[in-house]
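Pasting the structures here.
The following pair of complexes shares a single chain, subunit A, combined with subunit B in the former and subunit C in the latter.
Let's look at the complex of A and B:
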């Protein structure tokens, strides 16, 4: 088996000048999938996507085909919302799709809408993506001109309108029901589920919300087939109940923080966290790694003992964290883990939409405990107190939340994992009454006392060989 | 003074409205507010009344939305809005130095505007460009891999 290598499929030619125009995109195979698409029956297409193993890239990793199968067939109209809100700290792969390959997203939207009998799609673009929205708007206009959107696409009788909709700077609008509320012209406050959007979403009609990267996988599945797609990535056997074994395709890993070459790395799923860090040039200045957040800021942190876990949905879930949005934040030995957590808790306290008391009040409370520990004003027992308060927002061990949306879990996960896994460093702050950066070996809770230990890696029936 | 869209923005507003079902005009709220803010600089009570009337909602509903989203301003802001990211990945890349430099250079704190009305400084959450950290936006432009020198160059080049 070779060493992991990049394999650019979604990101192929992403840096090519003019790739955001229809002309250049089509010169490089763009919209080829449509030649096959309209020959495929919508139901057969839903089956294909299910069979491909494609899982949502926006955070939850839910099977895309399965989600599609929940959409009622006999209700009109239905809507697709492409989620281009990309706000999870550490995540930046959708940005470059919008800026450089907006037509790939449009192609994916056409495929999803054909499968689901949808005639109106909205792309919810985060307000700060000014260039991305401009490029996408221009691409949509080109697609209408070329008869790829609008009425009677390519003489098939299929109609599809695609519109962009700007956000306005609120993280919670990335949550699918917050996004829907926001699209309806209201505060982006998530809804209680059920009903799920697939049944009652935008304008109370069946709605599929799908991340930009997820949709961008579709042209390749349609064009190259399910078998081709399943020959990318990792498939496990005998995973526990509730753990999806499929990690097919490539993933756009966003590596940031203390690495030599931060950036987006497109790789078949299955390489380890350590290998991914190496791919990004290793830790800057040859320093030692201290902490890694593997899936956007909401994902529980990993210690240096936990870096041989494959960076895929299944293994990260089985090791009590998640692939989430694919934002890998690397921290070296110079980092103060209390300060890092404080930064995240400031983010979450600022972004809570304020509907649920545990989240609205609990998040600033966790932030304040973290701050007082960091500033050397912590009291004995504060670390347990921090964990306890975080667990009241959402119980990370039971995986239950006392809130409307899983933002609650997104707060509790980093809080509890940092406090448990870097407890010696937290306690040192309290003991010495000032910020202290301990050497890595001393800062980390020993693996056998670490709640995420032992690491579980199931047997695989298919793994990447990287022989290209 | 009453607010109304300029003729070209009125056309853009009509285009926006056509994206949503006719009985769901409220859905045009965010794009309409962006359009209004582009013209007026901020969302004044007059703007809220105007937008409310266009979308068949109450001014209170518009206020409700405006107060929820950080990108809408209820007070006049500077000609240039400097948004500097302070979230973890940028913090790991030294954004604190950039923030200190900005506050010193502009002589204002976060959420403040220079007396000449040229700059408003805002600390914002992750801009989804962490690979280029530290980053900031000046109006619609994104700038990455910032150093104090680069910040000087960017800001000094503005009229």
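Let's look at the complex of A and C:
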């Protein structure tokens, strides 16, 4: 197997000076995929993407090709929305693409639009990404000048306009229908589904919303082919119904928190959480790991007992958490888990859009309970109370919710997982009436209780070899 | 029709309905707050949860569905009473109540509050909430509407009303998350002519009518069905009254007239009925003096004398476009058969401005029954300027007023002052009564029975809420007595009898019998009315959920 190594594809040459300009980008193979692209029939391209196993990198991990195949062919106009509202706490890979390789995103947009017959694309950029948006706007202007965007691209008769739109910094506008509402000039509140955006999205027309990282994969699939792409990452066999076995390609893991070298690591999917921490230089000062959030703050937290789960869509899903946005937050033994949860709950209570009842009233409720415990006003039974209220927003065990969007489960997951997995520390905190940092072995609920144990790791058809 | 199953029983329901409406059609209550059939469904309250099996699916969906966004289709199976649905409703209600002040004892909505009712029916009996409640301030949104933000559940019905129905867009959501509040845009005021409707729409006690604020607990109110007299649209309304006073008018659903709405002119334009100035007994004015109270026989004698001296044909009879069809019919008969005069006039409030909203129109004709008057009195009846010219030729006149805030032209006042005999039936002191020798108390629209014919030629019935004030006589009785004093032989014993006679003798009113008019009205010339069927669609919805 070898030791996991970085494999830079999206992030190749990302730190090269001037990589955000058309000139440098093209010197290093940029826009090469367009030479092949217009030879490929759109339907064949959709099939290629489906075949490649590419899954949405924004959080849900839905098959990109499958999503494209739901878009009706006979409705005009259709839209593409590139989701650059990267706002999941612990996630920072898209921001760097916007700043350093905006042309890669544009190239991906051209490919997606060709496949779907789309002539208007919007890039919804998080409001805080001022530099990223500046560079992207400049790159789009360059692309227009070079005939890569606009009318009759490269003499193919294909027209495409790309616009950027700054968000105002709301987390919920990263949810695809919240993004669409915001783009339409309304309050960023997610829509009821169905209808899904592929059928009725922006301006009630078929719309594909795709994460920046997902789109950035497309040039490499077109250029190097499906087989090349499928030879990266992990593919499982015999996964349960509803669990996609494909984890092809590389993933941009954003490792942050108590590691020696935080940063974005591009690795083939298939390494374990433990290996990822090692890749980031290990836990700072050689301390012990206490908790790891594997996929952005919404993902259920992992204990030190769960670090040998492969960090991919399939395995994390089968072990009751998720790869999400790939934001890996590492917490060491100095962390008080009540405070860590409070930090997250403050965020969610602040960011709930307030549209639907369970989330509007439930999220601050969970925050208030957590804060009460943290401030030493906890009462016996509060841990169960916290879990019960969080489960009212979204039932994490049944995986059902009565909310309009998945924000509900994104709150309940961390709340319930922290409270269950670090119950001894929560109880000690309540008992003592002050923050208590228990040693890792004592802070964690024994693995036999309450969570996936032993871990389920299905047999793989393909795993990375790391021998490059 | 779609064949669907609700709670294990099969039903046929109308096509194109939401599951909430379909269930209402068959008598199953699905609780909801944000949904309203006249507005888009945002599905934000999460109260109308159902277990849904789409047509052809092997079993119910994994997640509960919202009934408001579910369109019924053949073969659909809906469950509203399973443990999952009950639990879902309980959780939603518990969330809705955590910041609610539970101040029902001082809340106007108590007794007609969906939050109260559904909590009683479907809610948990206690709350787990131990944290602090939010207490946002109370605020005046406009001339008629006050918001109590603590009680608001942010269903946004009111916001959507100002977007979709009135198109005026004064209301919005401010802040985010638990800090969400309904408010007016900066510098705006909720002052459109339809603003009162947001109070009816509000499912809780957040938006309250400033006019009705703290005036009565709703359960002390008596109610009758009526028709708004403030314009020729004929909005179907409920008159709510207590201790002889009208305290509130609210719209009744009629999909062919006013939908769920009425305008503020009508809704709040009832105060004249409660005025202490109302005429309560007949009065007579000696030349140059203040009017003195008198009794009805004195007037009948005086009228008999005047007709004898001046001659019936010298008398003018002026009806009002605020008279009911039945009153107009008797006025016509009185002029034709008793006085035998050709001098027949019609007094009407001046035509105002028609006001159009995206989904509502306020008619420009500010009279409830000009259509009826023209059909019964004839197109040739003297009105406006011709009315005064006609009166200038007459020696005596009997005028029916009853039009609040009526103003007469200078010329009219001169002509009326020149009459040898002038009797005016009115409900308040007016420019007419100021000139009259005989001032006779009539009835307001809540004190009489009868029908108005609206501008669509729909005959709609008023029910009587209250007795006529003091010694006032309903106009049909006054006319009957007067006719008999003057030698006729009228023997009407009820308004219903007059409605029937009108339908039988005036060709335009053929078919408009008390039975066909019913609660929904009868459009003149529409032929026999189809037999009554169980309520469908919005009618069924309104019967279950609308005042």
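To be clear about the criterion, the second predicted complex is superposed on the first by the 468 of 468 C-alpha atoms of A that agree within 3 Å, B and C clash if a C-alpha of one lies under 4 Å from a C-alpha of the other, contacts with A are read in each partner's own complex, and residues count from 1 in each chain.
Assume a contact is a pair of C-beta atoms (placed from the backbone, for glycine too) under 8 Å apart; a residue touches a chain by one contact, two chains touch by 3 or more.
Please read all numbers here as calculations on a predicted model, not as lab measurements.
Asker: Considering only touches as defined above, state whether A:401 meets subunit B (first), subunit C (second), both or neither.
Answerer: Touch partner of A:401: subunit C, not subunit B.
Asker: Looking at the overlay, what does A:41 touch: subunit B (first), subunit C (second), both, or neither?
Answerer: Touch partners of A:41: none, neither subunit B nor subunit C.
Asker: One more residue to check, A:350. First (subunit B), second (subunit C), both or neither?
Answerer: In the superposition, A:350 touches subunit B and subunit C alike.
Asker: Subunit A residues in contact: does subunit B have more, or subunit C?
Answerer: B
Asker: In the superposed arrangement, which partner chain does A:384 touch: subunit B (first), subunit C (second), both, or neither?
Answerer: It touches nothing on subunit B or subunit C.
Asker: Would you check which partner chain A:159 touches, where first means subunit B only, second means subunit C only, and both and neither mean what they say?
Answerer: neither
Asker: In the superposed arrangement, which partner chain does A:361 touch: subunit B (first), subunit C (second), both, or neither?
Answerer: second
Asker: Is A:128 contacted by the first partner subunit B, the second partner subunit C, both or neither?
Answerer: After superposition on chain A, A:128 lies in contact with subunit B alone.
Asker: Return first, second, both or neither, reflecting whether A:449 touches subunit B, subunit C, both chains, or no partner chain.
Answerer: neither
Asker: Classify the contacts of A:187 with the two partner chains as first (subunit B alone), second (subunit C alone), both, or neither.
Answerer: A:187 sits against subunit B and subunit C alike.
Asker: Show which residues of subunit A both subunit B and subunit C reach, each in its own complex.
Answerer: 170, 187, 350-351, 353
Asker: For the complex, which residues does subunit A have touching subunit C?
Answerer: Interface residues on the subunit A side: 170, 187, 192, 349-358, 360-365, 368-369, 372, 385, 388-389, 392, 399-404.
Asker: Going by the contact rule at the top, pick out the subunit C residues touching subunit A in the complex.
Answerer: For this pair, the touching residues of subunit C are 42-47, 49, 62-64, 66, 69, 88, 91-92, 94-96, 98-99, 128-132, 153-154, 173, 175-180.
Asker: In their shared complex, at which residues does subunit B touch subunit A?
Answerer: Those in contact with subunit A are residues 19, 21, 24, 26-31, 33-34, 55, 57, 61, 64-65, 68-72, 83, 86-89, 91-93, 124-133, 137, 140, 142.
Asker: Within the complex, which stretch of subunit A touches subunit B?
Answerer: 86-92, 94-95, 122, 126-131, 161, 163, 165-171, 182-188, 203, 254-258, 262-264, 297, 327, 329, 331, 335, 340, 343-344, 347, 350-351, 353
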